[in-house]
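Got a structure for you, written out below as structure tokens; questions coming shortly.
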Amino acid sequence: MSDILESPRPAAGGAALAGGFAQPVVDAQFVFRSVMEAFSRPGRSIALPTRVAPPPPLTAEAGAIALALFDQDTPIWCDAPLAGDPALRNWLAFHTGAPVASGPDQAAFALISACDRMPSLSGFAQGTAEYPDRSTTLIMMVDTLMSRDIVRLEGPGIEETETIAPAPLPVNFRDQVRANHALFPRGVDILFASPGKIAALPRSTRIRANASREG
Amino acid sequence: MTTSAVEATPYNFAYLDEQTKRMIRRAILKGIAIPGYQVPFASREMPMPYGWGTGGVQITAAIIGPDDVLKVIDQGADDTTNAVAIRGFFARTAGVATTTQTGEASIIQTRHRIPEQPLQSDQVLVFQVPIPEPLRFLEPRETETRKMHALEEYGIMHVKLYEDIARHGHIATTYAYPVLVDGRYVMDPSPIPKFDNPKLHQSDALLLFGAGREQRIYAIPPHTDVVSLDFEDYPFEVQTFDEPCAICGTRGTYLDEIITDDKGGRMFVCSDTDFCERQVARNQGVQNQSSAAASEKTEMTDA
Amino acid sequence: MYVAAKGGEQAIANAHRLLAHARRGDRDVPGLTLAQIAGQLALAVDRVMAEGSLYDRDLAALAIKQSRGDLIEAIFLVRAYRTTLPRLGASEPVDTARMQIRRRISATYKDLPGGQLLGPTFDYTHRLLEPEIAENDAPEQPATQAPNRDPVPRVTDVLGYEGLIESSPEAESGRPVADLTREPLEFPADRDLRLQALARGDEGFLLALGYSTQRGYARSHPFVGEIRFGDVEVEVFAEELGFAVTIGRIGVTECQMVNQFKGSAKAPPQFTRGYGLVFGQSERKAMSMALVDRSLRWQELGEEQTAPAQDEEFVLSHSDNVRATGFVEHLKLPHYVDFQAELELVRRMRAEIAERADAEIDPENTGPKNTGSKNTGPAGPNREAAE
């Protein structure tokens, strides 16, 4: 498939310059198609092999998504662990040029590393009734997509039913997702980035009532 | 799959610069997340005229990669001049493999038709859209139609369809027939004949719609409910043709009318040329040679 | 047996080959050089630069040659090239008060500081064909005089000094100037966006709209405060240096219309403004733009909306000739799938009406029936603009 697999970018100059796409045009296209596939089939785990190497705690997958989608036109919001890291800020600024949003409700994208402590979904840009697209897309870095806390999903992109089980998450996350869907067509879209895999939870997706309840 | 390298052009892979591609890609993701909603995007001037597929071309340019296999159809046919020109554009600027076979393509860009052969889950269908706003001919103002979508206020569309029935005894819309997507947005499916509307419903493939001149992108994700608007006593129905295709003999496909003389002589043939050719091949029992035919038909970039 | 027409690719290639041949014309006649076009068809070049939104005389000349003199096609060529260029930054606003003036006239004052300077103009020429241009094109050398180094204040600045005209709106610091080439057009549009759209809008369309305001469709009592044409410097703010540096000079035409005055119990009467600024020498375009700019300001100035030239959705949605020509001309593309859909319906409806007519022939002998009154018309007011 893509050369992302073979050729990590050699570290050149300072840390801010290293760890980007080896082949920006091809790699960005490859990552975008994976994200598009994830959005088209909510809940489904989509492989995202990447050798992008951002400074931690930003993960390779979230870093690759950032490089593919962020630029000067997309104000971004980072949660506290990310925002407090100057190396990370420099890396994002150098590779994407994205400005820092004045608040979560002004962000085109949000990068979230500590998902269990994340702010409420309702605090991000929800779009307007006339322009529901003017909303935040959240990139949530989770440890896994296959925890024991399984959520059943249905809606556009899902043939019968799909499951998703990301972790960690805030305690009332299901209720937040339900509330987010209730706002449709307003609301935020979520992209989970886990090691090697991504999955999406766009605002159009409904949580099924009979979801398992453990955890 | 990729054969000859991109000719020495000063342009980026697939023509568009990376910033433009990112902008279009972001709009596509919003479109998928809000099925049927028209996402505004800063459509660029393309090296082909507005109205000739610039929206579809921009979407294709934003999603295509070196491993893709592209098919382009216009009126269902691969060999219509605009389809040939757009296919050539991507062969030249992206160096991708092209095909006429529906089953071989990973991306199909289309104007006015959906292929007869059901699409697969690993395919993307990109529609060229002239007027994305289904309410535009009832209300020319964008400020007004945007409000109607926001308020889910689709009364004028039903009134229009109802007036058709009162006047003609039929809903007099035969193509670009409006649909309701996932129970929320009324959407223009582009000027496909309403014959193709049922293929939008619960499609296995992702459907993307691009209107370049009008600066809108929208989408129908796979497996999404898409209902053609109708009334209980006047249910939606598709066109039917009395006769089979004069070339391949198939019934139940969408047919083009070919005028054979100036005395009313005419015949009907499949509008989907790829489908028709394969039916002919099947009829002639040359199925055992299909692999040879397939490799011959997957035309590589013109070297 | 019927065989579908094939060979689109070869047909296209042949058509383009023939086009190139036709463009070249008689090969015994020397081909036009770009210098000839840029120098002798300068106003065509100006229009292509203005509506192509790219200031490059040589490229505009090439586009005119390549398009066989079809200026909208040339504008399209320039636009399609322009859109691929990287956006390095935005210039400072050009200062037309510091313009090196080649022509400057005012219709509101007989004489004024800086004087009236006719410059190269068709005004007052007798429109008589001059056959000698065809044969021996050697006009007299122009009369010269020492350049006037005095400042040439804008008429609106003169009026503004007395408070007789509304002040020019202050730039809102921090608010980026709108750019319809980077953001999709959205309504309502602010004046910066409207002016950008008008500056690249079709000259003929704006001319007709401006003309309509003179004939009473949103009359605005315009006076040409001033038209000036000449060169201005383009400056870019250099972060490293901390000041603006000149990167080049461009020729522009500026038109300041002085329009119908406004006043109220609180505010004394004042004239209002309409503004036009175009690349190159194009007074018709600059004046039309100023008229339309003024009429689009109806809301801001508390006027009534009565006419097309005031309707920003109508004006801005249809002023771009590259879009307009694309969509009008796309009707040339095959539409036989849609047409087939319409044919099928019209035939079916006609058959139904004929059946009903047959059935009703005996019981009653009257003509039209409840639903049959529309049996000869087209198939309804439905989608006429298929791609």
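Each chain gets a letter, A, B and C, in the order it is written, and its residues are counted from 1.
Keep this in mind: contacts are C-beta pairs under 8 Å (C-beta built on N, C-alpha and C of every residue); 3 or more make two chains touch, one makes a residue touch a chain.
Small disclaimer: the values here were computed from a predicted structure and weren't measured.
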(request) Could you tell me which chain lies farthest from chain A when each chain's centre is the average position of its Cα atoms? (result) C
(message) Can you identify the chain nearest the overall CA centroid, using each chain's own CA centroid?
(response) B
(message) Using mean CA coordinates as chain centres, what's the gap between chain A and chain B in Å?
(response) 30
(message) Taking the mean of the CA coordinates per chain, how far is chain B from chain C in Å?
(response) 32
(message) Suppose each chain is reduced to the average of its Cα coordinates; what separation in Å results between chain A and chain C?
(response) 43
(message) Among all residues of chain C, which ones touch two or more of the remaining chains?
(response) 182
(request) Would you give the residues of chain A that are in contact with at least 2 other chains, written as numbers and ranges? (result) 73
(message) Quick check: what residues of chain B touch more than one other chain, meaning two or more?
(response) 40
(message) Looking at the complex, which residues from chain C come into contact with chain B?
(response) 1-2, 4-9, 11-12, 76, 79-80, 82-84, 86, 181-188, 313, 317, 322-323, 325-330, 333-338, 340-345, 348-349, 352, 371, 374, 379-387
(message) Quick check on the complex: what are the chain A residues that touch chain B?
(response) 1-2, 24-26, 28-30, 32-33, 35-36, 39-41, 68-74, 108, 128-133, 135, 137, 155-159, 184-185, 189, 202-204
(message) Taking the touch rule as given, give the residues of chain B at its contact with chain C in the complex, in rising order.
(response) 11, 15, 17, 40-47, 49-54, 74-77, 79-85, 88, 111-113, 128-131, 137, 140-143, 164, 166-170, 172-176, 190-195, 213, 215-216, 239, 241, 246-247, 254-258, 260, 267, 269, 271, 273
(request) Within their complex, state which residues of chain B touch chain A. (result) 12-13, 18-19, 21-23, 25-35, 37, 39-40, 62-67, 146-147, 149-151, 182, 184-185, 202, 206, 220-225
